[in-house]
Every structure is written in C-alpha cells, then in structure tokens.
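What follows is a pair of complexes built around chain A, which joins chain B in one and chain C in the other.
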Partner chain A sequence: MNKKRRLTDSLVNIWMRGGLYILLSIPVFIGIGLYWKAAPLLNEHSLTELIFSSKWFPMRGEFGFLPFIFSSVYVTLLAFILSAPLCLFAAIYLTQFGKMRLLNFMLPVIDILAGIPSVVYGVWGILVIVPLVSDKIAPFFGTISSGYSLLAGGIVLAVMCIPYMLNMLIEVFNTIPVGMKEASLSLGATHWEMVKHVIIRKGFPGIISAFGLGIAKAFGETIAVLMVVGNTLNITLSPFKAGYPLPALIANNYGEMMSIPDYDSALMFAALLLFVVILIINLFFRYFIHKTEKI
Partner chain B sequence: MNRRKIIEEWIFKTISFLAAYSVVLILLYLLIVVFNKGIGALSWEIVFSLPKGGYYFGGGGGILNAIVGSFYLSLGATVLAVFIGLPAALFINVQLIRLKRTQNTIRFFLDALWGIPSIVYGAFGFAVMLFFGLNASLLAGIITVALLITPILVRAFDEVLKTIPVELQEASYSLGSTRTETALKVLFKQGFAGFITALLLAFGRGIGDAASVLFTAGFTDNIPVTLDEPVATLPLSIFFQLSSPIEAVRQRAYAAAVVLTVIILIISVSARLLSKRYSKNIIK
Partner chain C sequence: MKQMTFTYQPTLSAESVTMQNEIAMAEEIKDTSIISIKNLNVKTRDGAILKNINLEIPKNKIVVLLGPSGCGKTTLLKSLNRLTDLHKELKVSGQIIIDGQDIMKAGQNLSAMRQRMGLLSQRPFPLPASIYKNVAYGLKLKGIRSKKLIAHSVETNLKRVGLWNEVKDRLKSPATSLSIGQQQRLCLARGLAVKPTIILADEPTSALDPISTKIIENLFKELKQHYTIIMVTHVLRQALRLADHVVFMYYGEIIEQGHPDEILKNPKTTILKKYLIDGN
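Take a look at the complex of A and B:
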C-alpha cells in the first residue's frame, strides 16, 4: 500500500469515527445545555414544588408547572384514546383482511402523510376542528366553547399520530410468520379468531411499543397543538375548556423571556422536563422492541 | 360453526374495514381542506415577491422571503447533517460490522434520539446560541435543524446499508482495498438509492419544522445574504400570519400552507422516484 492511500484511509477513519461520536453525544449535550440554563430556577425552588404547584406567577417569581403538565397529559391521553383503536383496527384490516394491492398502495401514502409538517395539521385544525367543536360538539353536550380547546388539541394530535402509529403497527403485524397464521386457520379458526389469538397475542409487545412511541410523539408535539388549544391556564376536566401544554408554553413565550427574571430558566426547565420524559419513554419502548425482536 | 362465531367475525371485520377506510378518508379530507382553502388565495404575487410595506396589515407582496429562507436553512442543515451523518452511518456498517452488539446499541440510541421533539432541539439551540453569543440567525437555525435531522438521515441511510451483504465487503477487502475505499466506493455506491431517500427525507423535515427554528432563526422580510442575518421560514410565516386578525393576511397563510404542502409532497414523491431510478445500478 502506498503512503497516500494509507494516509487517506486513516484520515477518513478519523472523520467517520468523529461523526459517530458527535452524533452520539448530541443527547448528552442537550441534557447538559438545558440543565445549565435551568439551574438558576432549580437552585431556588425544589423539584416537587415546580412540578406539583399550580401557582404560575412569573412576575412574583412563582413557577408552578402543574397546569402545563396537566394540559399536556390531558391532550396526549385524549389523542391516544381517539387514535389508538382506529390505528389498531386499520392496521389489522390492511395487513390481514384487505387485499395486498390496498396495502401496497397505502404504505407510501402513509409515509408521505407522516412527512406533512405539523403547521399544516394546525391549519387544518383551525379550519375544521375548531369550528366543529364550537358549533357542533359543544352545543350537543349543552355547553359553550370557543372551539380553541383541549378537545380540539386532542383531535388534531390524534390525526397527526395516525400515520406514525399506523406505520409502526403495520410493520409489527408484517413480521408475524405466515406459518403461524396458517396453522391457526387450518385448525378451523375464523379469520377474526386467528387475528385475536395469533396476531394480537404474538404482536402484543410490538403493539404496546407502537402505542408508547405514539404517546411520546404526541407529548412533545408543539405547533399544531399550540394553534388550536387556546393557551390559557386552566386545570379542568372539561375538554371544552382551553388548555396550555408544556411545548406551547415554551413556544409562546420565547419573546419575553429575557425581560422577567428567571423566566428563561423556567422555559428551559420546561424543555428539560419534556426532554427527560420523552427520552425515558422512548428508551423504554425501544428497549422493549429491541428485546422482543431478538426472541 | 355456531352463530355467535359468525356474528363476532362479521362485527370485527366491519369495524376494521371502517377503521381502515376512515383513516384514509380523514387524511384525504385534511389535504382537500387545506388545498381547497388555499388555492383560491394563491397567486403569482404571493409566491414570487417579497413582503411590501404594510404587508402584515393586508398590504401587497408575497412570501418569497419565507420560501427562499426555508430552502437556505434546510439546505445548509442537510449539508451539515451529511457531513456528520454520512461517515457515521458508514462507520456503523463498515468498522463495526463484526460487533453486532455495539451496532444494535448505537441503533437503539439513534432511534430514541429520533423521538425527541423539535421544540427541545429549539430550546437547546437557543442555549447554545447564548453560550456562543450568537444572535438569531441563519447560522444558528442551520445548526439547530442539523441537530434535528442528522439522526433521521443516519437511521434512514443505515436501514439500507445494513441490508447489504457482508460478502460484498469481504470481496472488496480480498482485492486489497482499504476500509475507506470499501466504505466509499463499495458500500456508499451500493446504498446510493437509500442515501438519496434519506437525504430528501431529512431535507423535507428541515423545511417543514417550525418549533426548532422559532427561537434560533428569527424572522425577516428580506432574503438573507450572509450567515449572521436572521431568516424567515415557511412554517413560521404560516403560523404568524394565521394569528393575524386581518382576513386578507390569514388568506395568505392558507396559500402559504398550500405552497408548503406542495413542496413537501414533491420532495417525498421525488425521493421515491429517484430511489427507484438509482436502485437499478445495485449489484444483487
């Protein structure tokens, strides 16, 4: 080997290794960076106070994140309840009952829809869901709502999660060996019984993981929710009232965060909270998939 | 077969049939509404001119600043992402090919990284900006978006690289090539179709993402000339205009949403077509 080739090889090797190390250090730096900015707040208040207090008066130096956490959890759960059964049954139909041609057509369509920016989903939410909630759904339940509500946020999030979860569920169902399905059918099971006893049972870890990752995605979604959720402080069980999820808090207040003391720390703390919660959910369910794929 | 079985079978088949088609309908409906509302407001002026005086009060002009800004931002971020991501993806599949456990751990972390919401990247980008004393600018935006799309690029490219048989690498080594040559001349060529797909996927994400650039890229009515100027982006332009109380301004937000959707659709469809085209040269 001549000198030039050897030199190129070692240089490119360094470059490759460097790229990988940079990539893997991103989450570490995010964690450190956000903690560094959130530290002033964490020094003055205890973690339990920040998370469980509902007093949000930045001007007086009181930062209770409970209303935001509550809204986030509420919207996320609502989205999950609306989208999970739909995705599960749709994935069952596409992989088990429907024609192969339909699935082959749907896969790229789902992929493309998953790439549509969240701001477009937000526009759709404002055009369709907000009027729907204020004119149809709220009067139906005998209440008044401006439409900008937790329910609207939940519905928009649910629609956003559909392509994402559906994609993962189809992948899960496609990995189940055909032989297993055939064995069940040959013993006289109907198609649905086969789905119930083989597909759902065998795919169970995958289904749970797809749901978990869907929840994590919904929890961190910002712009689309921000546009329809109303953004007022509220702890209420009524889905027709407005809410104020964590990502919306960060996105809405970056303008004035330098003018109030500790306010920037508070927003960075909110980002840190999102980062930690979502990273933990992601790591847990990815690990779950990882383990089950091996067996 | 007893009756109960037949009824249960029918009920659940119907439910799943309805679920599948309602998913299709909901998503179609979404596109139809956005297009329907926006196409009426769309004009050459909106796409091809900069905002003029009083634009945000219904004055003349267009969103060219945001369209070009988004392209600049995403292009810069994609270049940066390729610079870090391409070698990383090749490293996983060449140098680490015998270390299955390490490979899997790295993939596991990258998958988890994929799920981190863009607002967190945005907040982190802001912290970095403060640390280095930068202002909200094209450069800060590019760095933030690059952080967001690099894991996507690497994982998408890696999915293709890992299907390439090890024998191909072994053949390359047996002819006396170095690892670098194997990586760049064999693996990269073989996975080129996947690379194009990954590239366009990342580029599309970069154009469509709003939350990460909210803090870092700023907003301006002009097209930036240097890296330290602020830059407008299409998603933010839609977002800001939609919150206006003036109907004419909101109409333009709908038009901008159509522009953004069309750009994203073109990118995803061309990703598919290009990847088909380039996969003809692959050694099977």
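Take a look at the complex of A and C:
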C-alpha cells in the first residue's frame, strides 16, 4: 500500500514537472524559430540598421523598421494614456464608492466587452471612430485627416483595453482586506484618504501589473488597429496622420510578395521584434511588481 | 524584560490622580453614560445580525461584551464607529448617541468622530507602510506636522503597549514583517496615538502571550481613568479581572447585563448559565 502511494506520488510529480517544462519550452521554441527564419536578414544587415533606419524599400533590399516601431509605440502609448486613468478611476469608483448593485451590473458587461472579437472593434472603428476623427476631431484642431490615423488606432485600442484592464483592477481592489480599510478609517481618514493610503498603496503592484498587461496586449493587437490606422509609412508626431504598426505589417504582407528576396525574413524579423518587446514588457513589469510587493 | 511602567506618558501618570480624586470622580460619573444605543438593528438580506439593541455605556469604565461566536459582538463594535458603512450589504437603523451627538447623522465630521474612537480589530491589520508610519498615520491625518512630536508619540505609544524594545531597531521595516501578536500591539499603539476618548477593542489579547496580555490588561486598567473601553473577550477570567460592566449577547440580542460579579457568578438566564458552565 505504502509503496503504491509513493509510486503514485512520484509519477504525479514527474507528470507535473514534464508539463511545466513543455509549457516553458513553447516560448523558447517560438523565439528560436523566429530567429532562425529572420537569420538571413540579420546576416546582411546590422541590428541597429534594421531598428533605426527609416528606409523601407524591400525591392532594393533596404529594410528599415523604424516607421513600424514608431507607429506601434505611438499607438500603444496613445491607447494607454486614453484608457489607463479611466480604468483606474472607474475601478476605484466601482469598488469603493459605488453601490454594490452597480458593480454587480457592470461585471458581466465588462466580461461581454472583453469577449467581443477584435474584428468587431475594427468594424466599429471604421464606422464610428474614423468618421469622428475626420469630421469632428481633426477640424476641431484645425487640420484635415482622412480619419484613418494613429488617433483612430489609439482610440480603438483604448476601447479594447478598457474591459481587459478594468477587470484586472477590480480584481486587485476587491482583494484588499476590508480590515485594512477599516483601520485607516477608524484612525480618522476620510473615504478618499483611505483610498489613497490603502487601496492605491496596497493595490500598487496589482495596478502596475494590470497596466503592464494592458500595454503588452495593446502592443500586439493586430486586426482592429490594422483596419483603422491607415497603414502608411510615416514618422510623425501628429495623431491625425496614418501609421503602420508592426503587427499590421505582418498581417498585411505575410504570404505575399514572396518573390522579393529577404522579404520573408524581414516579416519574421518583425515578428521576432514583437515577441521580444512583449517579453521585455512582461518581464519588466513582473520585476517591478516584485520590487513593490514587499511593503 | 518588557517595559512595564508608563510614567513617560504625561497625560496619563497614574500617580497624579490620587485615590480620593478617583473616588470622587467615580461618584460623579456614576450615572453619566458616554454612549447610548437605542433600538439598534443591523440586518442583511438573510436576516438580522443585531436585534433591537438598547445599551448605555458608562464613561471611563471597561465594558466587556461576552457571547458565543457569531452573536454579533464585532458587528456591534463596528456600528459604534460606523464602519458598517463599508459593508454595503448591511442595513443599519436606530440611534447611537455619543457625547450627545447622533453618529448616524454625522455627515461631514464622520472622520473626526471616528478619530475619537480607537478601534482594535479582531485580527490585526497593519497599514501597508512601515512600523513607524503605522503609528504616525493618525497623527498626520490630524494635521500634526512636527517631526519631533510625532517621533515622541510613536516612541511613547510603542512603549505603552510593550513593543518598543522589540521594534526600536527596525521602525522602518514593513509592519507586516511583525508577528501577529506584535501586530496586535502595534495596532493598539496606533489607535492610542490619536488620543481617542473611547477604545473599541475586539479580543485585544487573543494572539498574545501571558506577559504581553498582562501588559495590555494593566494598560487598560490605567487607560480607564481617561478613556471608556468597550472590549470583546472570550476569556471569562479576563472579563472578571477587567470589567466594570458585562454585557452578554446571544444571537444578536442582549440577554443579560450588569456588574461582573452578578453576571458571572449569579447568572439569571439559563442561556448564560449554560455558556458559563461550558466556558469553564
């Protein structure tokens, strides 16, 4: 009996460990695969040239990824600026100030919003946001825009990120023990002071990680952005101009124009870049959480 | 050895109050109650937690709440502080008059009112900050800016609860790094630092060793001269040692109350008799 139990125990152990290693090896294999495919490009061009050159002429064998990287970062930051404060305040309001009924009503709504496929957000962007930018927002700022712009991409991305981040933030704030809030209030804090000193303080690692995951999601989001961002090479600070983020480059061109030498590798390099950036974002925020969690 | 004297607390030196004064004071406040609770009901959707509670809390006494687990002691303490506001599922009705003011109607000055009552919760919840900042927190909320004053108060109050020697070299480390018993004393020090007039203590010694328990009990006896203490305990002998007035609760109702000698030695109701027998 005892022997059997010990055998089961070690079998389960091996099984679980095996599963873990398989899981861990997936990103490694993806990374290796992408690198292997991008290698021809990397052999001919230096990494700095690929990343910092803005000359994108695949026919001539010039692959400068800067416009794509720039667009990706621009759209992501825009989406983050538009959505993060909104999510933070909404989550605080829903969990700390609002009626319980409101929260109970909002939770399934948020879940539904999070579950809508990104193509639908893209269509909505074309129907609503693109005209809004071209007819209202751009004229308001005294410029003209087709509407297919970095701003439209940023707004659509922001809307997509909201349910995602809001969900995580509500989760974070709801796990803060009531006793801690009671302690702060009973020592004379007002409701808002309690939120500042306890909810935000204690929830800080969680807030950071929700933001980080939101950014990573926004950076990699493809279809919805591709549909509204214009897909034109541009390095411009104006949000009303079109852009061309990395995921859109891959999605638009993969499988086509394979006659151009190295084009295949260039797209693989773009994928590798995305992969590495998202990995770095995730690792950075994990590290940050670890740093701040100790208090 | 732990710190057992409290002479560095200027407002509280026991020696300054003579025996005679104490007796005179006791006579004077005999009938004055600081808190009166009238028809207090606390309900959830599933039923009542507190049923029609009527209770007078005498000033500068220790009132002990007794009763089996789940009878509503903690809920009663939290209603006094209106911390029940935080639990949206609770419906509170009735009157709680503290120092002539109905706290159910306290709007703007709710936080000032709460500051007059130090709450020591059943489980310690240090704030997410250092040991030092935990004690300084209430003072800063009061608007005290002087670093010297704050430092002095932190030291005095940590000494009063017998924690100073254990933490004086690591005041900057997170309060959560303390043991539960240490956290419990830290929370008491933190509450005392804001100089409340009423102390609500929910099983304040449940995680403490005998020595620390003794320190806290002695502290409470001292504090009684200037503070009103409402305390929950499951330790009958502690109730006998400390209480001036005992309130026995059962399923959300007050069954019996009175002087500890009466209540604990000659219980009238069978419920209390059974509770006391099972407790001993």
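The rule we apply is simple: the second predicted complex is superposed on the first by the 257 of 295 C-alpha atoms of A that agree within 3 Å, B and C clash if a C-alpha of one lies under 4 Å from a C-alpha of the other, contacts with A are read in each partner's own complex, and residues count from 1 in each chain.
As a working rule, a contact is a pair of C-beta atoms (placed from the backbone, for glycine too) under 8 Å apart; a residue touches a chain by one contact, two chains touch by 3 or more.
Here the structure is a predicted model, which means the values were calculated and not measured.
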If we overlay the two complexes on their shared chain A, which of chain B and chain C does A:Val28 touch? Say first, second, both or neither. neither
Per the overlay, which chain contacts more chain A residues, chain B or chain C? B
May I ask you to decide whether A:Leu237 touches chain B, chain C, both, or neither, giving the answer as first, second, both or neither? neither
If you stack the two complexes on chain A, which partner ends up touching A:Glu193: first (chain B), second (chain C), both, or neither? both
Let me test your reading of the model: by the given contact rule, A:Arg201 touches which partner, first (chain B), second (chain C), both or neither? second
A:Glu182 contacts which: chain B (first), chain C (second), both, neither? second
Scan A:Met59 for contacts with chain B and chain C and give back first, second, both or neither. neither
What is the contact status of A:Ile144 with respect to chain B (first) and chain C (second): first, second, both, or neither? neither
Between chain B and chain C, which residues of chain A are contacted by each of them? 190, 193
Touching residues of chain A toward chain B in the complex: what are they? 1, 5-6, 8-9, 12-13, 15-20, 22-24, 26-27, 29-30, 33-34, 36-37, 85-90, 92-94, 96-98, 102, 106, 108-109, 111-113, 115-124, 126-128, 159, 162-163, 166, 190-193, 195-196, 213, 216-217, 219-223, 227, 247, 250-251, 254, 267-268, 271, 274-275, 278-279, 281-283, 286-287, 290
Which residues of chain B touch chain A in the complex? 1, 5-6, 8-9, 12-13, 15-20, 22-24, 26-27, 29-30, 33-34, 37, 83-88, 90-92, 94-95, 104, 106, 108-113, 115-124, 126-128, 130-131, 147, 150-151, 154, 176, 178-181, 183-184, 201, 204-205, 207-211, 214-215, 235, 238-239, 242, 253-254, 257, 260-261, 264-265, 267-269, 272
Which residues of chain C touch chain A once you look at their complex with the stated criterion? 78, 81, 83, 86-89, 110-112, 114-115, 117-119, 121, 123, 125-129, 137-138, 141-142, 174, 176, 187, 190-191, 194
Would you pull the chain A residues touching chain C in the complex into a rising list? 99-100, 177-190, 193, 197-198, 201-202, 294-295
